[in-house]
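As written, the chain order gives the labels A, B and C, with residue 1 at the start of each chain.
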Amino acid sequence: MTGTPAAMDKRVTFKGLWLPLLLVLPQIVITAVFFFYPAGQAIWQSLYIPDPFGLSMKFVGLGNFEYLLGDPYYRASFLTTAVFSVLVTVVSMGVALWLAVLADRLIKGSGTYRTLLIWPYAVAPAVAGVLWLFMFNTRVGVVTWYLGVLGYDWNHVLNDNEAMGLVVIASAWGRISYNFLFFLAGLQSIPRSVIEAAAIDGARFWTRFRTIVFPLLSPTTFFLLVVNVVYAFFETFGVIHTITSGGPQQATTILVYKVYADGFVGQDLGSSAAQSVILLAIVSVLTIIQFRFVERRVHY
Amino acid sequence: MTKIISAAVLTAVAGTATPSFAETEVQFWHAFTGRLGELVDEQVASFNDSQDAYTVTATHKGNYSETLNAGIAAFRAGEQPHVLMVFEVGTATMMAAEGAVRPVHEVMAGGEFDPEAFIGAVKGYYTTTEGEMLSMPFNSSTPVLWVNRDKLEGAGIDPDTEMTTWDQVGEVLTQLKDAGVDCPMTTAWQSWIHLENLSAYHNVPFASQENGFAGADATLELNGPAQVKHISTLGEWAQDGKFIYTGRRNEGGANFRGGECALFTESSAGYAGIKAEADFAFDVRPLPYWEGAGDAPQNTIIGGASLWVMEGHDEADYDGVAAFLNFLSSPEIQAKWHQDTGYLPITSAAAELTREQGFYEENPGTDVAVAQMTANEPTANSKGIRLGYFDQIRTVIDEELEAVWAGDKEAQAALDSAKERGDQLLRRFEQSTR
Amino acid sequence: MTGRDALAAETPPVKAPGADHDGMVERRGAGLWLTHLGLIVGLLFIFFPIWLAFVASTISQPEIARPPMPLLPGDQFIENYTRALTSGINAPVALMLGNSLVMALGIAFGKIAISLLSAFAIVYFRFPGRQLFFWLIFLTLMLPVEVRIVPTYEVVAGFGMLNSYSGLIFPLIASATATFLFRQFFMTVPDELAEAARVDGARPMRFFFDILLPMSRTNIAALFVILFIYGWNQYLWPLLITTDPSMNTIVMGIKQMFPSGDDIADWPVIMATSILAMIPPVIVVVGMQRLFIRGLVESEK
């Protein structure tokens, strides 16, 4: 699995030329038409400043990239994205690990907890955004109101830390289920004898966890790390869009949101296309990392 | 058997024949939901009932930005509607799209359409410097000051106290704060009210080149002394808890309608919602101004949307479009719209009709917006704003203002930065249209 | 899915908790209670937003507009849900639910079908261009639709597929994640099976349908769940390409319900719609959780 992912081949194969071509045809056609052609278009468009209606195009070479990289707000968006991704990953994995360790301690009932904890996985990021926005709405939000009673004045439309906190929690919330399932499976695959040996040695729970369990979990942890970062990068659009629209100032404008905001709200398609290309490069790097270090794992 | 066949043929022929009697369909995309959406649907239904030649199909396409995007994307795909609602901010984008839009004066040519029937300040926003109307004004509003009278009284303030100038407002805010009111004042649409309208109202430029009307090479001039004075005062009020910021759009409306805030700067079109939800006595005041700054009070400018006619349909369809636009601008329809929503009556005839119907007497204050906007003949600084990528520029302004409200930046620095960033966007827009 | 899968769901997963493993068991008295307490706190965190949305969908607008809203359900359940299901804002929610269902099922079945076929081809055949094909699908692995959305829109419009189910479905099955996954699985299938089939003179498709497909059941089920959720939860794409309200999907529909201009948010209906929007995917995930978890964890490990 090092190098090319196609390194491994079946020894036994069927004969035929037209059948296999026919079998891959649907995928080839759909992928070419709806994936490669549009992706190529995005690259080509990044060299132009088109007018919004597609009536004229002005060739600017790498002008769009120069403009972007010279824009402190675009550079800041990288930092925002990094902070956001790290926080989402840490929060969702931390909570999930904690719950998984607890559920793993149970002999009976862990299935029930699992059934209940799996719910948020089914909730769309955009819907999750609506739910959390409703709780923290500065006007009608219940949590906001009770915080107010406690003397804390919650206002995520003005306070960038609160805004970041809110989008992080809403994004992490939907992700806990997924991480929980993997951690629980990882924990349950650790042989009992290993733990018991340590217990006999008199190691306390926390020591056992730190010295034995967590190291044994590290393949799962690393896999989840990559997958969650990718999630935070690309799939949290709905959360940001519904809760903050990237504000206040640009405190929650992550890269994917900026592609949308500049291209679809701002009508600056040249800049948006250039940002797509930059994202494309980031995606490629992440894919390579995933396949270099996380063998054989496919992410959704 | 033959009978059956001929019957089938007959049906088929009848089937193909029907379309020639069918009504021409006119597609209309708009941005209204809720009460406003229902009112639009009512207008469309009554147009469809009023004649047999055309059927208008109205579709809601999301908020203003989303509707514009949907229209643009659809045009690129050859799927554009006949009539597209575009908010005032998108005006320059649409104007630059020669070949994508058909100016309203062309659509209406030959009919009995009279551009002079529209109120000057409304018409001006959507008309070229040569006087050609490009899009049809539809829903137009202007910012006013909404007052929760009960809240003032509760704080021991005479609810009729004068709040013509921001100095007077400042005093009221101090009293409210001292009386323990949590939200003395909030606002909606900060850039529109506290910079764009502020500039027009004080007759100072928001951008060069007559606010962009005279050329695409305009630069922002929103960091002048009048604007800085206003924003820095608001910034101080925000720090003192006298001005509560609730969001970039009209989020503050919920706080005001819920009875939390005493004062609220918002569009006159907030009327429908406030009337429906507020269980306190409220009234409408003209937008305050700074005495001695610029030529205040000049006139305020409009916000809202206009209807653009898209190219690329059968010529015959445009007769339907013209009929629909004529219908929408008729005094009866406009008067009803104005009374139901608080949007401005966009024609003088509609205003006249509303007055005759006794609406202003029954609903005191509803004419404040009209009076304020038509007080003076608009100048180069107060007929409107026409800038490319204006939606993005507003976002820049929102960001910079948020920095002021949060106490991160001084007003001057924030507005200087807004100018610098906005000018960059203007230059990019210039490139895209050249 | 089929009855056979339902049967499979009855059989215990490979590593049933407690069977050969006690985890880090410390289950005496207070420890046990603390464990439950910890999990319940976690559950509260998970469920509080959903509970609140449910409560909001059963009370009236004024109760929400004047905080704090109650924390227990009110008596407006029928009214709010009827209003949402039948009138909605643009299109009745019932119609949007139907559209979402078609879209999610179309994406799930469509992608599983084309991926199974092409994975079968690249694992069990040698044909010209196989390497190239493999690299092409590898390239598509992670690029989200948001990044190539403008040109994709133009392609779809060019085919006249705006406002159609095919326009909603095809661009979202145009990536090869599932192909990759099935390839991984087919590689683990013992060679002897194919060998035996070949010796018996079975034709390739026969082998595919009789042997490979039944063996892939768990993977297919897991993928079905993942893809159903993926399809159901799409947001930006349907927002762009459905210009006809009768084609709106429910997740984008919720966003459409937020007021745009100088209007007010109808929270009870918005929340009722949110609850309705999460019921079908929750049923799918919870109902198929055994297969889903096994397929997910095994295939990604």
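As a working rule, contacts are C-beta pairs under 8 Å (C-beta built on N, C-alpha and C of every residue); 3 or more make two chains touch, one makes a residue touch a chain.
Predicted model only: the values in this text are computed from it and were never measured.
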item	value
Furthest chain, CA centroid comparison against chain A	B
Which of A-C and B-C has more C-beta pairs touching across its chains	A-C
Centre-to-centre distance between chain B and chain A (centres being mean Cα positions), rounded to whole Å	38
Chain A and chain C, separation of their C-alpha mean positions in angstrom	16
Separation of chain B from chain C, taking each centre as the mean of its C-alpha atoms, in whole Å	40
For chain C, residues contacting two or more additional chains	65, 67, 150, 154, 156, 255
Multi-partner residues of chain B (at least 2 other chains)	69, 76, 254, 258
Chain A: positions in contact with at least two other chains	139-140
Touching residues (chain side chain C, partner chain B) in the complex	62, 65-67, 89-90, 150, 153-154, 156-158, 162, 239-240, 243-245, 255-266
Interface residues, chain A side, partner chain C - complex	5-6, 8, 10-14, 16-17, 19-21, 23-24, 26-28, 30-31, 33-42, 45, 95, 98-99, 101-111, 113-128, 130-132, 134-135, 139-142, 144-146, 173, 176, 181-182, 185, 187-192, 195, 205, 208-209, 213, 220, 223, 230, 234-235, 237-238, 241-242, 256, 259-260, 263, 269, 272-273, 276, 279-280, 283, 286-287, 290, 296-300
Touch list for chain A against partner chain B, complex	49-56, 58, 60, 67, 71, 73, 138-140, 155, 157-160, 245, 247-250, 261-262, 264-268, 270-271
Chain C-facing residues of chain B, complex	29, 31-37, 59-64, 66, 69-70, 73-74, 76-79, 81, 139, 141, 188, 250, 253-254, 257-259, 266-267, 269-270, 272-273, 276-277, 342
Residue ranges of chain C in contact with chain A within the complex	15, 17-18, 20-27, 31-32, 35-36, 38-39, 42-43, 45-50, 52-53, 56, 64-65, 67-69, 71, 113-115, 117-118, 120-128, 130-131, 133-138, 140-144, 146-148, 150-152, 154-156, 170-171, 173-177, 179-181, 184, 186-187, 191, 194-195, 198, 204-205, 207, 226, 229-230, 232-233, 235-236, 251-252, 254-255, 267, 270-271, 274, 277-278, 281-282, 284-286, 289, 293, 296-297, 299-301
